[in-house]
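Please see the structure below; I have some questions.
Labels for the chains are A, B, C, D, E and F, by order of writing; each one numbers its residues from 1.
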Amino acid sequence: MSDRLTTAATPPRLGAWLASGSITAAEIGSSYGTAFVVIDAEHGAIDDAGLNVVIPILRSRGQEVLVKVKAPTRESVQRPLDFGADGVIIPHVLGAEHAREVCGYAKFPPAGDRSLAAERALGYGALTPEWIAEQDARTRCYAMIEDATALDEIEEIVALDVVDGVFPGPSDLAIRRGRGCYSRSAEDFADLRRIADACAAASKDWILPAWHPLEQEFAVAHGAGGMVVANEYTALGRGFASLVEEARTRAEAAGR
Amino acid sequence: MSDRLTTAATPPRLGAWLASGSITAAEIGSSYGTAFVVIDAEHGAIDDAGLNVVIPILRSRGQEVLVKVKAPTRESVQRPLDFGADGVIIPHVLGAEHAREVCGYAKFPPAGDRSLAAERALGYGALTPEWIAEQDARTRCYAMIEDATALDEIEEIVALDVVDGVFPGPSDLAIRRGRGCYSRSAEDFADLRRIADACAAASKDWILPAWHPLEQEFAVAHGAGGMVVANEYTALGRGFASLVEEARTRAEAAGR
Amino acid sequence: MSDRLTTAATPPRLGAWLASGSITAAEIGSSYGTAFVVIDAEHGAIDDAGLNVVIPILRSRGQEVLVKVKAPTRESVQRPLDFGADGVIIPHVLGAEHAREVCGYAKFPPAGDRSLAAERALGYGALTPEWIAEQDARTRCYAMIEDATALDEIEEIVALDVVDGVFPGPSDLAIRRGRGCYSRSAEDFADLRRIADACAAASKDWILPAWHPLEQEFAVAHGAGGMVVANEYTALGRGFASLVEEARTRAEAAGR
Amino acid sequence: MSDRLTTAATPPRLGAWLASGSITAAEIGSSYGTAFVVIDAEHGAIDDAGLNVVIPILRSRGQEVLVKVKAPTRESVQRPLDFGADGVIIPHVLGAEHAREVCGYAKFPPAGDRSLAAERALGYGALTPEWIAEQDARTRCYAMIEDATALDEIEEIVALDVVDGVFPGPSDLAIRRGRGCYSRSAEDFADLRRIADACAAASKDWILPAWHPLEQEFAVAHGAGGMVVANEYTALGRGFASLVEEARTRAEAAGR
Amino acid sequence: MSDRLTTAATPPRLGAWLASGSITAAEIGSSYGTAFVVIDAEHGAIDDAGLNVVIPILRSRGQEVLVKVKAPTRESVQRPLDFGADGVIIPHVLGAEHAREVCGYAKFPPAGDRSLAAERALGYGALTPEWIAEQDARTRCYAMIEDATALDEIEEIVALDVVDGVFPGPSDLAIRRGRGCYSRSAEDFADLRRIADACAAASKDWILPAWHPLEQEFAVAHGAGGMVVANEYTALGRGFASLVEEARTRAEAAGR
Amino acid sequence: MSDRLTTAATPPRLGAWLASGSITAAEIGSSYGTAFVVIDAEHGAIDDAGLNVVIPILRSRGQEVLVKVKAPTRESVQRPLDFGADGVIIPHVLGAEHAREVCGYAKFPPAGDRSLAAERALGYGALTPEWIAEQDARTRCYAMIEDATALDEIEEIVALDVVDGVFPGPSDLAIRRGRGCYSRSAEDFADLRRIADACAAASKDWILPAWHPLEQEFAVAHGAGGMVVANEYTALGRGFASLVEEARTRAEAAGR
């Protein structure tokens, strides 16, 4: 059982969400007391060259770095880990069998099927049995639960050794469960509840993208190990909007 | 006299400030009703390759694009204009003679000494007398007033044909005027007042970096043509800080 | 039925083909009255970082942007759409079942299986049911018909809801149909004819890479909705070749 | 049978290993008499934009360029070849059926299933039957033998027409054969011996990553066609370590 | 006296002009028999990172590489030479004294004032007296004659040892000589004639940007050593324009 | 007087030299116990975008980062400091008056003339008097002594407040002192001795590029504060050369 797992008495770790690949956004976004960052390499514009830069910068700032990888494929999982990420979040895991395969790419044999490499994660040096063991202990692999078939097999998924935890994708899950656009409905939270319960039963971690107060309260109430609460785009938009709006209001007041 | 010059009845145009070179920040930062953006190529991490990308994207979003150029040199002035910028802001202009030279790099002969080129600004096509005239009419050149010697010669600077307006640099000006760190003191505003008066007398535009309410009120009161009110770094920081703080507060409340 | 579909009375839209990722080539290549561009991300040197730049620049120039994606995989299909492309062209679709899966990555559930994201396509904002509907209506998905098995199932492929049209790949199709190198033979055109007929019967669009007069005439005669007629490499080569050749001829004449 | 195949009388070609994408490292690393380079695009930080630059530079320096591709997928195999690589090394080939498919992406039909393209490899020109034949003759495809299932089917793999040779991955193979971290043990060499024998029997090439004297001696003794003997990271580390250590020793001696 | 200097019996070398930094454009643009390329780093979007890539690629294709540098400054002159360029073309040389200084940055002391470095030009190795002598012999430095004051001192400029030749800038020269937009007028050619005569008298090379038949004939008639005849932007535009126009004409004809 | 200044009892700090901009080389090059790194932005291929990445990565690895800037200009000096460098080394300082100006760009008024900015060095935050004071105390500015005129005025240069130390450039100095290629001659060391003596008299630091044992012994004997002993290119070359050579020897021995 993971020592990072929260208990009822431990509030969830807070995380930031980065997607553009901007170094500046990474530096500023990791300045407000978050414990971890999620880099969205699935949808954001960042690519491998960007990950190779941002990962060491974020780690040097004390952040646990989790990469939401481009796809549930071997290469998408292993490269961020080669570059030194602390963990991966794998999108569109379709079920337990799929999870066993794709989450296995984050752990070396015999536990999984990660490919050995002498990159940054190894200090560009020589492989040793000790390093292999340490990497597997350190590397966190989260399966995204955002497909209906994955929710159906949530208990089997969290039971897998190669799965350190799960990361729900509420928007994709809602539309794939036939409810259309995610709306923080009772059904939406019921699905999240099922995920939380499965994790609790299996003593596994889960991290919620929790932008809304209701999501944050849910994460706290149900023992999430982490919640992602500050999104780069939202932060930029909120900051610019308020700065411009305040100035416009002042200019109008002053101009009268 | 510029048709974009504001009068007492016209509030200053609002502008955003970009410095990192992030395309996403450019797109989000230009979404809240600003009329123009300033790209800080003097201190920000953006370089020519970045300007070449961000300038056309910002212009396609209806923004007037002003580049605070890397240095008061020919090459730093002309390249952003080649890439299609609407204007340049030239840092560390030291006086009237210096302004005549370096602001001249933004206008073609006989008015100035800009070098002719067939780049994006020309549609990659062939030079014509009409285009040369249009470019000179369209291109805005702002001299920064941030050195004591420039302030001493402000009246001569704004009288120059190659100077479309000025852009005060309050922090550099304060320290160079011997007052140490800029503090929005009476002396600071007295200097800005002298600049505003000189522009008014010469019917020239001026744009103030106006982050603080006092600066914004000053800009409105003294007829600035524009004020830069929303800084990318501040926006990011304010956005992330508030999102993390709100989540922490909620988590603590919920966790009790 | 698509409103962009041409009829006998409507000539095919003309398109340009870009592959290098050069911004300049994108700007110049979209200056001659084409309605759309195809960016070849399957074989060209452009990668995601390049797509993220070129897509908004081309769209701001009034071009419909279709990305021939790197591979028939979820991540290759969804990222260009996240970056704001108008549509995707999916290479090496192997048959109707394959088309259902991979073209489905271009449409959200329940129609398809595209993953939801808040990127440029959404204005970096919040998901709404309206946006989801609009995206699906706007996004064009073309299946490439370049494998023998796909031609065998062309009627089933064009009948699929997730397929807005098809894009034949004559060179790959010829070699995979056992005819060796494509030569605009009668058999080559017979295959294209079968594709055109299937589209007509299903009221679906098709776009032909039509570099040669015979291909262009075929596209017009058989009601193609679009034809790609100007290739970046050909344009560069033709332009450089003629400029150098003309100069050489003149130099020799003048030197006599 | 390949004319590059070594015989007992021919020592293995020597190769360098590059992974960072640094142009300088490519230039310096190809200055010491190697016949070929392997670019590790599976684990190294280099991506497609980097390959597009480094491949022509290395080829102009007389090196045969083999790219260890990112994954055993069509797109990962074909793009380096489009960019002009002489060959590919395909990681994690799982067995003969897998090899037939993924190595097939390196050869055009009817031999394989490579997709046709008019990129650097073709001089950006027009496809001809002659070029197709020449490419297939020139392009080298090596299957990596690093999974237990591949070793089990080594004889079938080397018998395939689309397989020009194999490239063992000793570290991955050891851990996947249940021996834990590779240690140059008798079992490790027994596996390599089986690979070498299969190649000899099938008159196919094999290339060994041979960093250690024992590996190099093994490669020579068993008729490897090539051995990779100089790794960018090792070279950098060895060079920096010795330079710093020598200076420290001298400084201490001089300081006494 | 330069051995590359043409005589009445030798037609001018032909050159291509590149400006975007596109590798593809460099490869295609150097495929039609030119002897040299000019890379416009003064106005084009290419920066040092781009020069570092394109220079070795062009040199490997047998082209003499001349970089029109960003500015007449030490750093702009020396870096392309460090990266391996064969020569530099220095814009906006203002007169003989200026030429002595800035062209001097292309030659080592005692001839000039170039800074010593162990970069690509030196093979990343150790400085030797032989290499210093060879570099100075190989490196070509062209002063641009595009300012009125430079034309006034053309005889003194071409007499300088650090000046291997000159490169007229007809457009800038016309506007700076008070004639407005360059129009291939008699006065324009009279200025060029003065430059050609000065070079002939001093046995120095000159290269003309000669896009127009009249310019090409002039260059031949007056013994230019080289003429730049094929511009990347013109080539792209001419190629795309003709391809689209031909297709449109065919489509209209076919559609009738 | 600097607290980092060495005394007879303190051996010089050891430093590494980086020039390519490779992140990997930066990481490996800082792994062998050096106290500082010099990044050669004057001659190396690294540009501002590269500095912006490598500086924070090197600082996070405990290295003092000194950037040998592109040129003795305001913009070249201030940007690396904005990006967080610990100090700058300014090439081609021509004398005391020149040093006062260009080294002044590294210190804020009233000591110098550095331009104020809110970039990484400031944590992207707001200017305070405390930060200004701390920056000036932390920032190290080294004048290069590599021109004859600078050596002539070495005593005046080291007496300047804006000069924290000097960095001799032996190769440029030798050729500019009329001795041709640097050869570690008695005259070469006499010049270095004069520099060392001037620094000792003025209690200023000096750092020697000391690749050769004689240079290293000289640096120790004469109280250099630092010596740069490990060059990226040398390290790469030495590493690759020895690895290839050892393998070739073994292959030949084994092949007999």
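Everything below uses one rule, namely that contacts are C-beta pairs under 8 Å (C-beta built on N, C-alpha and C of every residue); 3 or more make two chains touch, one makes a residue touch a chain.
Please read all numbers here as calculations on a predicted model, not as lab measurements.
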| item | value |
| --- | --- |
| Shared interface partners, meaning chains that touch chain A and chain E | B, C, D, F |
| Same or different residue numbers at the chain A/chain F copy interface, by half rule | same |
| Rotation, 0 to 180 degrees and nearest 5, that superposes chain B on copy chain D via CA atoms | 180 |
| Winner on C-beta contact pairs when D-E is weighed against B-F | B-F |
| From the options A-F, C-D or B-F, the pair that copies B-C, where over half of the contact pairs coincide | A-F |
| Mean-CA-position distance for chain F and chain E (Å) | 34 |
| Chain D-chain F separation of Cα centroids, rounded to whole Å | 39 |
| Touching two or more other chains - residue numbers and ranges from chain E | 19, 23-24, 28, 31, 45, 47, 49, 52, 73, 124, 233, 236-237 |
| All touching chain pairs, where touch follows the definition stated at the start | A-B, A-C, A-D, A-F, B-C, B-E, B-F, C-D, C-E, D-E, D-F, E-F |
| Residue ranges of chain B touching chain F (in the complex, touch as defined) | 19, 42-45, 47, 49-50, 70-71, 73, 76, 91-92, 146, 171-172, 175-176, 178, 180-182, 233, 236-237 |
| Chain F residues within the chain B interface of the complex | 47-49, 52, 73-75, 78-79, 82-83, 108-110, 113, 115-119, 124-125, 127-129, 132 |
| Partner chain B, residues of chain A touching it in the complex | 11-12, 14, 16, 19-25, 28-29, 31-34, 45, 210, 213, 216-217, 219-221, 227, 229-248, 250-252, 254-255 |
| Chain B residues touching chain C - in the complex, by the definition given at the top | 23-24, 27-28, 31, 52-53, 56-57, 60-61, 120, 123-124 |
